[in-house]
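Two complexes follow with chain A in common, the first pairing it with chain B and the second with chain C.
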Partner chain A sequence: MLTLEIDGQRVTVEDGATVMDAAHRLGIYIPHFCYHKKLSIAASCRMCLVEVEKAPKPVPACATPATNGMRVWTHSPKAVAAQKGVMEFLLINHPLDCPICDQGGECQLQDLAVGYGQSAHCFSEPKRVVADKDLGPLIATFMTRCIHCTRCVRFLMEVGGYQELGQAFRGEHSEIMPFLEQTVRSEISGNIIDLCPVGALTSKPFLYRARTWELTRRRSVSPHDAWGSNVIVQSRFDQVLRVLPFEEESINECWLSDRDRFAYLGLDSTERLTQPLVKRGSEWVAVEWETALQVAVNRLNDVRAQEEGGRVAVLAHPMATVEELFLARTLAETLEGECDARLRQSSGRADSAREGAAWLNSTISEIAAFDGQWFLGSDLRRHLPLMAVRVRTAARRGAYLVAWSWVADEWRVPGLEWSLWTPATMGAALAKVALVVARRAGDDGALPRWVAEWAADAALSEEGTVALVQRLERCQRRRIWLGEGLLAHPQAAELEFLAGVVATRIGATVGWLVEGANAVGAAAVGANGAQSASELVAEPRAAYVLLHAEPEDFLVPQQAVEAFSRARTVVALSAFASASLRETADVLLPVTPFTETSGSFVNIEGRVQPFTAVVRPRGESRPGWRVLAALTTLLGREARFASTEAVRGAALREGWRERLATKPIARPPVGVPALERVEPAAVFRWYQTDPIVRRSTALAACTEEE
Partner chain B sequence: MTTLRLGQMILKDCGEKSWRLADYEARGGYQALRRVLQEQWPPERIVEEVKASALRGRGGAGFPTGLKWSFMPRQFPGEKYVVCNSDEGEPGTFKDRDILRYNPHSVIEGMTLAAYAMGASRGYNYIHGEIYEVYERFEEAIAEARAAGYLGENILGSGFSFELYAHLGYGAYICGEETALLESIEGKKGQPRFKPPFPASYGLYGRPTTINNTETFASIPFLLTMGGEAFHRLGKPNNGGMKIFSVSGHVNRPGNYELPLGTPFAKLLELAGGVRGGRRLKAVIPGGSSTPVLPAAVMMECTLDYDSLAKAGSMLGSGAVIVMDETTCMVRALERLSYFYYEESCGQCTPCREGTGWLYRVVHRIERGEGRSEDLDLLQRVTTQIMGRTICALGEAASLPVQSFINHFRDEFLHHIEKKCCLVPREVQRAGSEIAVEA
Partner chain C sequence: MLSQEALARIDREIAKYPPGKKQSAVMAALRIAQEEHGWLSQEIISFVAEYLEMPPVAVYEVATFYNMFDLKPVGRYKITVCTNLPCALSGGEHAADHLKERLGIGFGETTSDGLFTLKEGECMGACGDAPVILVNNRRMFCRMTRERLDSLLESLRAESEEKGRR
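What follows is the complex of A and B.
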């Protein structure tokens, strides 16, 4: 520990801390541009120059190590002279086009220029002009404004895991640019917009849409993946105009994936449903809510009256809230039907065979602390972009990382041992590893017979297997991750069992990388049955109630379309209506997306995160939980709740956490299923994962670029 | 045309053919290395000898070499490096080129001895990108030394191993800054690192590294042969040994002159044949373009060593003596220098990136006769805003000439601003440029 004095105040910091860290501890602000707490130190902007006793020159606070007995002045005449000098240099070639700059009002340079700039300057030479760069559909560039802090360069290299920008040329001719003929393809690229302290990098979709001070800000939770990133949703006149990260160190740190950041554009899709619609013949007719609800109830009652049990299925997207899913389950019970929110799982066998629900099985913060991690069947960089960030941190700390994937996209994790498999060959190889560790433990005789049969086909050498196992065993904290691809696999139960065989014998824990903002919540409120949603469309039911789900959300969209077309009735509660939904549904009830309702998600680490509405419901649309409650009540079962809090209280009863799994499947279900439906599961459809994401024009443009 | 005029130590008896191993051995080369290895000197003894010699860094900063070597953590496990800085880019300097051209083995021997002293097992010689034939020759010299057992595994059967590589730069001035040079060897863009940590603790590939100038390394064999004390006595107190002065500009015999430190400037000027055409000396930049210019009267009183020139308000620098006679327009001379630093700034840190361009543009404006009365104050202010606030010394290098030129030759600048023309008539300048010098 070191004790030093800053501006006359004493502070104690850890060894290795910088003057900047110590100043933060005291709440003293030192102006800076290139410094960022999450990035490496560049010490290049020179804005944080401070005076240190006995130092002949002012030193940069961000890069100067604190020493015992050091005396620092951050606002002495010498320090301020240095800071003002740097500010003058930064401004001479800056265009000062604040009135037409999107960053205006939230610009670090602008803010600091108020404190350290002059009202007039004596630079009478022509200013530098820099050609703009093409950084893809998400990021607009105004490179003349750049002050060369290189935060964007460092972010993409250190957090994004791959260098996509660099500072080319020398001196005054320096330019930040991508490699020749390249652009920025990072799945978390949008963060460089936040990092840019000036208006050089701005959001392309938000460009010239509004000034920052016109926007209303509300906290919310992102519904596009299981991470539960905290966001600030900014809106004007009940229209969402921008989504920014809300700093939550234990979840998303200060980052946001591009999917979370730019999906909001989908909210304004022309396919938004704003009125209840009922199909008359082949025509869609707009009706009052009362009529629509009555039609839906009548149709569902008809089915109930005519068919045997188990003929109605309520299928919900896992982005539905805890409250909606709980009421969906209640509705299914009322209809004596089934309910499920696992749209992209081939079957429910694994979940049924396991004790407890799939989840991360640790906190998010712990991920970087596992020094041995083995990923099975995940496209992590796209599935959980911010988990990939945590894994990169583990990589920097020297963790041993192995990924078996069947998507040909490496994760930009330095040092990751990545290999490509098919859904079939991975099963065989995993069986081989399980067999080897079991044989070593002397209990391979207890394994089911199919394990040895699978292992016989493994494209993995004995030495390779042993090397992998031994390498993992040398680690202190071992973790096997079951990826979203593995969970979608028809043989998910068998694969999980095999992973469990390995895990228990090498002392590793297992975590599940589930799909959907509320996948854990769905399991927690009991919204999943014996069969997964995929199975419920593979074996068509007589009627379906859909919640936030369109055929495109299912594992095999064509199967869903066929099932819905054949069903006697389909009631869809949705914020949007795709062509396929209009084709196959009979009643369309406009329910609000996450921005227009209150609710809660349980994220992958089991954290309940409530949120409130950000804007007013569009048109006639209503919160899904109210519509579900009304339908249930009309169907004859009392379901009246005053608020989402009330629903949540009923949904997540004390002790629900005990239903989260801690161990993988110990005994696989009998009958190994065939592999006929594997291939569609092989591809994680990037930027296609939910109705909002699918409709974001900017994200669609990214997919096209791929 | 040769630029080698006078060699007394490193360049003694050197010529076009002196670079071969056999010639070097005939001049007594590799004797120091043989002796050190055969007598199994403790490494500390070499460092002590170097300390006693008062050898100071020949690259420009003049940091005591022995002290620098003692910073190297000898016992630190793993790879350690010695790096030779032959990225001689300072305008006016051409001594390292001639050392490598005429006596490359002295550098190889010096580096090997340094590696022995500091426990390093690998070395790099970073050679300026624009002297390709020197790089090729150095590669050949390495091959000769390796074949003769002076480099590589188990040198001269002593059990000590040292591998040396030549690295050709790409001609950027900034790569002469030691940490930028390390970045460049690592394959990155040549940009200085923030210090601390210094290379002795975090250098090449993050390992302890010592970087010295070519001439410094080349001095080591001579220093060890004659002994530190004797080397020290060659020069004057605190300024040990010989120094090669690259004389350029308006003299009759420009070239490299190897003289003891403390030699009067007047003597050097005389050796260089005096000011060409018998004209009057106007000013001298004594240590390479980044050192402050001194007017003739001051310079003629100076001796050539670190302390004397520091007292006179300049620096010995790399020993590049740029001589200017009365036909020189000081505004034009400064404009040329400022342009150099504007072009060579790496662009990493703000004061240098923005400031060097500003300096050049204002000087350029004054030279064109478009200067304003407030410009000299502006230049003064901009230089103080750059100096001491940059990552490396290029900020100082760009600022010191501006300050010293204006300080000593203010009248010429004012004339440019007020009369919109040069104090030295154009025809005089032109006549000056037409005087032939001895080849």
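What follows is the complex of A and C.
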């Protein structure tokens, strides 16, 4: 520990801490641009110059290690003179275009220029002009404004995992740019907009839309993946105009994936459903809520009266809130039907065979602490972009990382042993690893016969298998991740069993990379049945109630379209009237997306995160939980709740956490057929994961570029 | 993209650094690539990046930083004139002006016969001998008065013709 004195205050910091760290400990602000707590030290802007006793000249606080007995002055005349000098240099080439700059009002340079800038400077030569760069559909560039702090370069290199931007040329000719004819493809690229301390990198979709001070801000939770990233949703006149990260160190740190950041554009889609619609013949007719609800109830009652029990299925997107899913389950019970929120799982067998629900099986913060990680069937960079960030941290700490994937997309994790498989070859190889591990433990006799049969086909050598296992065993904390692709597999139960065989014998734990913002919440409120939603459309039911789900959200969209077309009635609670829903549904009830309702999500680590509405419901749309409660009540079962808190109290009862799994499927699934030669149908469709994301024009432009 | 000899030379450079630190050889690799190709095209930079397992933009940063690396084709003789302060005080600017006049080109340009490229350079560490010029990054000439510049151009032309005849 080191003790030093800053501005007359004594502070104690760990060895290796910088003067900047020590100042932050004391709550002293030192002006800076290039310094960022999450990035490496560049000391390129020189704004943080401070005076240090016995130092001949001011030193940069961000790059100067604290030493014992050091005396620092951050605002002494000498320090301030140095900082003002730096500011004069920075402003030499910076344009005076704040009135037309998007960063105006939230610009670090603007703010600091108020304190340290002069109204005139010694430099009378012309300012330089830099050509703008093409960084894709998300990021607008005004490179003349750049002050070369290199935060964007360091972010993409260190957090994004691959250096896509660089500082080319030298001195006055320096430019931040991608390599010739390339652009930025990172799935977390939007963060460089936040990082840019000036207006050089700004949000393209938000460009010239509003001023920061005109916006209303509300905290919310992102509904686009299971991570549960905390966000600030900014709006004006009941229109969401921007989504920014809300710093939550234990979940999203200070980052946000591009999907979470730019999906909001989908909220303004022209397909937004703002009035209840009922199909009369082949015409859609706008009706009052009472009429629409009554039509829906009558149709569902008809089906109930005519068909055997269990012929109605309530299928919810896992982005539905805890409250909505609980009431969806209640509705299904009222209809004596089934309920499910696993739209992209081929089968519910794995969940039924396992004790407890699939989840991360650790906290998010712990991910970087696993020094041996083996990923099975995940497209992590696209599925959980911010988990990939945590895995990169593990990589930096020297973790042994292996990924078996069936999507040809590199993860940008340094040192990762990545290999490409098909669902079938991966099954065979996994069986081989299980067999080898069990043989070494001397209990391969206990394995079911099919394991050896599968393993016979494995494209994995005995030595390769042993090397993998031994390397994992040398790690302190081992983790096997069951990816979203594996969970979607028709033989997910068998694959999970095999992973479990390996895990128990090498002392590894297992985590499940589930899909959907509230996938864990759906399991927690009991919204999933024996069969997954995909099975419930593969074996068509007489009637369907859809919640935030469109046929496109299902594993095999065509199967869903066919099932809905054949059904006697389809009632869709949706924020959007997609062409597919207009084609297949009979009643369209406009329910609000997450920005227009309160509710809660349980994220992948089992954290309940409530949120409130950001803007008013659009048109006649109503929160989904109210609509579901009304439908249930009309169908004859009392379901009256005053608020989402009240629903949540009923939905998440004491002890729900005990329903989260700690171990993979231990008992071998019975009646296992030969290894299915499934094609990778469950390819994770980038930026197609939910109705809002699909309608984001900016994200769509990103996938077109691919 | 590069000859076996060039790759072997790059491998020798890589071997000078610890395993897994291939990128340390980037400047040497670019130098070798430039010697073989005359200049560093986008394709060559991408090739070097792949060879050293680096992102292309990281190699591009290096290639653009040092002005001995040429990002555009150059003539047979690249003449770099130092115009930094000590040289400028001793006639570096005049030397540059003289060359411009004789060759009929400005900085960064190449004569139409493809023989000479003129470049403005930074300090070459021989300020006592100013004005200093460098030919093809390798051959340095000191105290370049007009007469000495003229004779240098003559000798380079002669050298080129001789090579052409051979």
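As a convention for this text, the second predicted complex is superposed on the first by the 697 of 706 C-alpha atoms of A that agree within 3 Å, B and C clash if a C-alpha of one lies under 4 Å from a C-alpha of the other, contacts with A are read in each partner's own complex, and residues count from 1 in each chain.
The rule is simple: contacts are C-beta pairs under 8 Å (C-beta built on N, C-alpha and C of every residue); 3 or more make two chains touch, one makes a residue touch a chain.
Keep in mind that this is a model prediction, so the values were computed, not measured.
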For this session: After aligning the two structures on chain A, examine chain B and chain C and state clash or fit.
Result: clash
Exercise. Is A:Q163 contacted by the first partner chain B, the second partner chain C, both or neither?
Worked result: second
Exercise. Once the shared chain is lined up, is A:G281 touching chain B (first), chain C (second), both, or neither of them?
Worked result: neither
Exercise. Which one hits more chain A residues, chain B or chain C?
Worked result: B
For this session: Applying the touch criterion given at the start, work out whether A:G69 contacts chain B, chain C, both or neither, answering first, second, both or neither.
Result: neither
Problem set entry | First, second, both or neither for A:A43, with chain B first and chain C second | first
For this session: Kindly classify A:F179 by the partners it touches after superposition: chain B alone (first), chain C alone (second), both, or neither?
Result: second
Problem set entry | Common interface positions of chain A, toward chain B and toward chain C | 166-167, 169-170
Seminar exercise, completed: The residues of chain B that touch chain A in their complex are 172, 174, 189, 194, 196, 342-358, 361-362, 365, 374, 378, 384-385, 388-391
For this session: Write out the stretch or stretches of chain A touching chain C in their complex.
Result: 157, 162-170, 177-182
Seminar exercise, completed: chain C residues touching chain A in their complex are 42, 45-46, 55-58, 60-61, 64-65, 67
Problem set entry | For the chain A and chain B complex, residues of the former touching the latter | 41-47, 49, 56-58, 60, 63, 65, 82, 85-86, 88-90, 92-93, 122-123, 125, 147-148, 166-167, 169-174
